[in-house]
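I'd like to ask you about the structure that follows.
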Amino acid sequence: MSATDHSIRKGEVLLAVDQVSLSFGGVKAITDVSFDIRKGEIRAIIGPNGAGKTSMLNVINGFYHPQQGRITFKGQTRSKMRPSVAASQGIARTFQNVALFKGMSTLDNIMSGRTLKMNSNFFWQCLRHGPAMAEEIRHREFVEDIIDFLEIQAIRKVPVGKLPYGLQKRVELGRALAMEPDLLLLDEPMAGMNLEEKEDMSRFIIDVNTQYGTTIALIEHDMGVVMDLSDRVVVLEYGRKLADGTPDEVKADQNVIDAYLGVAH
Amino acid sequence: MDILFKVLIDPFLQMGAMPDLFVQTIWDGFVTGVLYALIALGFVLIFKASGVFNFAQGIMVVFAGLTLVGLYEMGLPAPLAVLVTLGVMFVLAVAIERVVLRPLVNQPDIILFMATFGITYFLIGLGELIFGGNPKQMITDQLFLPRGAIEVKMLGGFVQFQKIDIAAAVIAVVMIVALAVFFQKTRIGRALRAVADSHKAALSVGISLNQIWVIVWFTAGIVALVTGIMWGARSDVSFGLQVIALKALPVLILGGFTSVPGAIVGGLIIGIGEKLGEFYWGPLVGGGIESWLAYCIALGFLLFRPQGLFGDKIIERI
Amino acid sequence: MASSSARADTFPKLLMRNAVLYGDLPALRHKYLGIWQTWTWAEVAEIVRAYAQGLHDLGLRHGDTIAIIGTNRPKLYWSMMAAQCLGAIPVPVYADSVAEEMVYVLEHAGVTMAAVQDQEQVDKIFSVADRLPALKAVLYDWGRGLRDYEDDRLHSIDSLIIEGRTHFQKDPRSVTALNDLIDQGKGSDVSVILYTSGTTGRSKGVMLSAERCIAAADDSVAFDHLDENDQVLAYLPLAWVGDHYMNYAQGLVAGFCMACPESTDTVEQDLREIGPSFYFAPPRVFENLLTRVTIRMEDAGSFKRWLFNTFIGIAKRYGEDILNGKSVPLGGRLLYALGNLLVYAPLKNVLGFSRIRVGYTAGEAIGPELFSFYRSLGMNLKQLYGQTEAFLYVTVQPDGEIRADTVGPLAPHVEIKLTESGEVLFKSPGMFLGYFKDDERTAETLTDDGFIKTGDAGFFEPESGHLKIIDRAKDVGKLKSGALFPPKYVENKLKFFPNIKEAVLFGDGQDYATCFINIDLTAVGNWAERNNVSYASYQELAGHPDVYAMIADHVTETNRSLAREPLMAGAQIKRFLILHKELDADDGELTRTQKVRRGFIAERYAPLIGALYNGTELADITTEVTFEDGRKGSISARVRISDCPVFTPNIGKAA
Amino acid sequence: MFYRETGQFKTNYADDMAVFPILQDRLGIALILAVAFVLIPLTGSNFLLSSVMIPFLVFSLASIGLNILTGYTGLISLGTGAFMGVGAYACYKLTTLFPEVNIVVWIVASGFFSSLVGVLFGLPSLRIKGFYLAVATLAAQFFLQWCFTRIPWLYNYNTSGAIEVGQRTLFGIDVTGPKASLEARYMVLLTLVTVLTWVASNLMHGRIGRSFMAVRDMDIAAELMGIDLLKTKLLAFAVSSFYAGVAGAAMMFLWYGGGEANDAFNINQSFLILFMVIIGGLGSMIGSFFGAAFISMLPTMLKFGLPALGIPLAGATAEHLTYILVGALIIFFLIVEPHGLARLWQIGKQKLRMWPFPY
């Protein structure tokens, strides 16, 4: 990892989004939105459907390239970057509709999250001995910790395609954690879960935040969950920023009530 | 320096020097292009309607031609032979729908793709088994197709237009127009287009997918027959044609898998492009570049427009 | 360590002995982080000593009690060992008991420390901490979620072990000091307190002394020829005598390896991986297993089913005889060998039983079919009769003398007397010192000549000298007619039907016997699926007429068999009903060891019992229930009552 | 049924991550190797070696190559034949330029040349997906095929325009050329295949294999996890073509013993190998072998099998029938098990492990 990420201490700004605008062939997805994410916090991005939440994440981890605006991550400012670069910079994410590697086992999925950290050369990879095996084992140990942490021992070697949705989401979280990210983006981590699963997931998110001190930015529809989990909330609507602040401030904000909470389920 | 001259300048000097030859080459390319386009058309029809990348299209061309000639040789009068051949193509369409498509519905594309390979092999074997492996003469006269050529004096030379080529071009045009009408005007045609968009839509039109597949494959079969006749008339009918049929693939890339106009334009570009390339640049490297030029043109093209000429831009979402 | 090589009379001494004798052999395994982490006896000894030092520094002293709460995990076993090193007394507690239940035990035992598994248990403890004034420290094994707990009583077991090690390095004298502590340990001191989940009333703390535990374990280890090469899977509740005896005590005595499963929902897989050579499971486990085997086989292809049934049949015919070394026709042997290749061996492999040399079951009576099924596969499954107060063994079946309907002859060095009322009294090497802080009940339990009252009624079968247990002595009642009424005996017969999970018999002092039935959701549910009987809930399924019909058949069958035994013929069941809910420990209807609390149930369902005797067809009942998440609620239902034919003794036809 | 997994527990990750964690599987592999290395060469008839085993092994190698690209990385290629050709010609040039170097070395080395070519034609794979890519690889097929015939230097300007396999020895034994015994060629080939299979399986079980499959299953996610798509895809092309190249060289030098490139490395060859991979099972090592066995032996079986069954066939008819049957069988298999023979094998194995239970 780069030296910069240690220079940022808890509470300081880890990532700043500055007047970002994004559009697809004329259709505006995000209009001149700015907000920041502080090291060590849980930051929620909420808003009605089509508010541009997911697009925002895609911009942050470099999958979409905004037409205007800048993004400052760990002190480095840029208008766009390649996703793989974002990843190597320490940004990991999960997806709205699970994007696991269906053909692989839980273990391999999470292991693949370690790819960036593995570097044994091709030759040894061919032999699967010496350094390659040593490395493989080292990272297996790391991954096993995550498996233990997420309590998915029982499905370690099950192909993820066979898993129920709730577990898949958990595995995906595990895969993201395996990257030891500085910033973890969660796109509706609890979508389509039942109450119990939601409770588990929230517990995991909090534990991740406390245990690994990972900064988390999450999109979530379930207001209750958001308000419990997050330190600060930014509200988007039609691609514009509507409000930004602590859960209570946001709850109190009239615009928000009109636009969102009013019609919340 | 000399190389650069040979590659970049000399060919054009030649074109200028003998415009008649140039026109001739263009014309040849044009006709080949038309035939490419016809094969490509078969692909597009099927891909649009059933999402199947029908590798067997090339073979269907050969098979149709072969059947026609074969039947004639067995003593059927030409017109009847044509009808019977159409019948055969229909049976083929039904068979494919029953035996291949229906059981494989909802399988990944690659699987269906492979299945059409199976069909290819099957047809080759069958065709040769029934009609023998050796090349045949297309029964041009019996089908009242013109022979000989018209020589036109122009640009200080003679340009030769084979009548059959003209006929081919004309028929191809007629064919395409007919298809266009079929798609725009008829109920089935509309259904077919609906399928291209979404299968549910098709059902709403009140035609079962299976029927649609049969129709589409049959249509493709007709196109194949016509192509077979034309091509057969120009060279002869044999399975050697199948490799040429592969030329339809670069055409598809240029035109996009789902666009009929694309197929036509693509066909012409490829046809003319490779003829020019062969005639003017080929000699520099010992000729025979026809065999791959088309692909490289397509490849180069892809790098700049992955979705093809008429395909629409792909926005990846997550 | 001169003293430890002398005859070891405490567990710590045994540990040190093993560290010398079997230093490099595995002592403990734990499926953790995906592989079987393994510790040799030497390593365990080192860890435990360091841990003990750590505990000592925390102020754990001789005679203190320390609660052990959690599933079978090495660090919890080490906690027991470490505590015992200091002469402190481990008190294992059932991990699944809710805070209120737990606090009674912790309070009564006056624990000064608790070694627990994880956040869940820590939360439980702290939720009742105010009632535990003596509580000095809570030690946890698995730290997830505990990071930001600010309670200075909270320590991780790992940190303690490390502190212990550093302490040793800092002053070497502490090493010898600890050695002395261990050597000073007296075998006569209390070594552990096991709280019996009282079938009646509050649970009692059974005090066991090390020397007696070890004496008992010595006998059984010799009895079954267990040695350091054996391996067991420790999956039974820590607080239950079974685990403490079978795994902990025997393990230390024989020096065999104890393997801890990865998690409760991977036990089966872990069992299969480890392939234990010594195995204990209550009949219930074998029962569920067989049910699942049958269910799974029903989904198999017709050929496979045929193959399976055929060879199981052959096994039934020859299997047990072969196992008991009786003479079997060559043809039989060959068929059995073939069957072993095609069915038995693979089946045992899938179940993880391939390597079992000695297997035991106890706790309740086991169905004859069930019992002989496993034995016929060539698995040396035996029965024993025991009690926490006896530190388990009272009677046990030696190889070659295996019976489904007895619990075997006396275990080594055990004496038994039967009172005229038929109650079983015994003296055994492992017998307890008394109930902790409860001399009164200790006195009740002991006879003047030092025998222990089991409270079970039984009799010795003259020809074999095997003991047969009928029932809890006080439960054995009489009908108005004066006929013997042994509820458990009948209930067991009922429970041998896969479809019946629980049965509760009533009739003491009545005209006739009646009973409540709990259907087995797995078995009956599967049956419903196959006969496409649709149901939304247990309640609906239980009320289904077809189910009633099916259960009625079972009851009739039971009556028929009862009629064949003159002594029991009176206890046939005239009327029964299927309960609308499953009996549940959370509702206090079962004990933590899943034994029915007859008295409690009788009060709770009084209206139903009334209905059973006043001849009505339908009865309404409302009961309070506790849901998974601890919320309380109440469900009411209308329950149907069904009659059954009874038979005249000895003749199998309807009266 | 034959599996006795009880008591097979792993106490360290190396064992747990072994390619064959189950004892019975290891025994099985050992048995197969013993048969292949000892029994067959000792007892096998010339027919078995020349018309069954050697072709089978060559195609297995090629299938593994294509499987790495198509099965593991999800990139369809129709140019395998050509890449094999590159291997063959590279080997030819190398061994004629440096005859003193051992032929086996060159056979392996030639793989690297087709790797290079493979990477070159793999470049478009970043922008092109699916069938478009397939067509792009056709460009490679035809262009290279053209080179083979139009660049005399490749075949040392000899008149036949064909590759001529010279006499080469290994440990003093002829392994190529007319005098080389079938056994010798077989053993060399078998050793090559064994080693390269081992290597391939190692690769696929490690970081590289995982990133390949990641790209295959969900390329976007893979990219967002820091897997560089281009690098990964090119690597896949390189490895895949390497195997194809070695297969091609082996084909020419250990099987055909020389011949016309356009017959051996034409488009049909590419298709054939694609069949093997699909029929065998995408993304499965053992599948590659199944597929190779099935497709490569089928014609032979028909040619010699049908007459044996008393169905007399003229050579031509036999060929036609073969075509029909191959076509029909391909369709049949796709319908029965789209995931190929490997899946069937997997299911069977699972059943054996769970025996007597159905699942």
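Think of it as A, B, C and D in the order they're written, each chain with its own count starting at 1.
Heads up, the rule we're going with is that a residue touches a chain if its C-beta (ideal position, glycine included) is under 8 Å from a C-beta of that chain, and two chains touch if they have at least 3 such contacts.
Fair warning: this is a prediction, and the values are worked out from it, not measured in the lab.
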Greatest Cα-centre separation from subunit A belongs to chain B
The chain pair with the larger count of contacting C-beta pairs, comparing A-C against C-D, is C-D
Per the C-alpha centroid definition, the whole-Å distance linking subunit B and subunit C comes out as 77
Note: subunit C sits from subunit A at a C-alpha centroid distance in Å of 46
Subunit C to subunit D, mean C-alpha position gap in Å, rounds to 57
Expressed in whole Å, how far the mean CA point of subunit A lies from that of subunit D is 41
Flagged in subunit B as touching 2+ other chains are 318
Subunit A residues touching 2+ other chains are 63, 95, 99, 140-141
Residue ranges of subunit C touching at least 2 other chains are 34
The answer for subunit C against subunit D in the complex is residues 29, 31, 34-38, 272-275, 293, 296-297, 299-301, 304, 307-308, 342-343, 345-350, 352-355
Within the complex, subunit D is touched by subunit A residues 61, 63, 83-84, 86-88, 92-93, 95, 99-104, 108, 111-116, 118, 120, 122, 125-128, 132-133, 135-137, 140-141, 175, 179
In the complex, the residues of subunit D that touch subunit B are 76, 124, 127-132, 135-136, 138-139, 142-143, 145-146, 149-150, 220-221, 267, 271, 274-275, 278, 282, 316-317, 319-331, 334-335, 338
Given the complex, residues on subunit D that touch subunit A span 13-14, 17, 19, 199, 202-203, 205-208, 210-211, 213-214, 216-218, 220-229, 283
Contacts from subunit B onto subunit D in the complex sit at residues 53, 99-100, 103-104, 107-111, 113-115, 117-126, 128-129, 133, 243, 246, 249-250, 252-253, 257, 285-289, 291-292, 295-296, 298-299, 302-303, 306, 316, 318
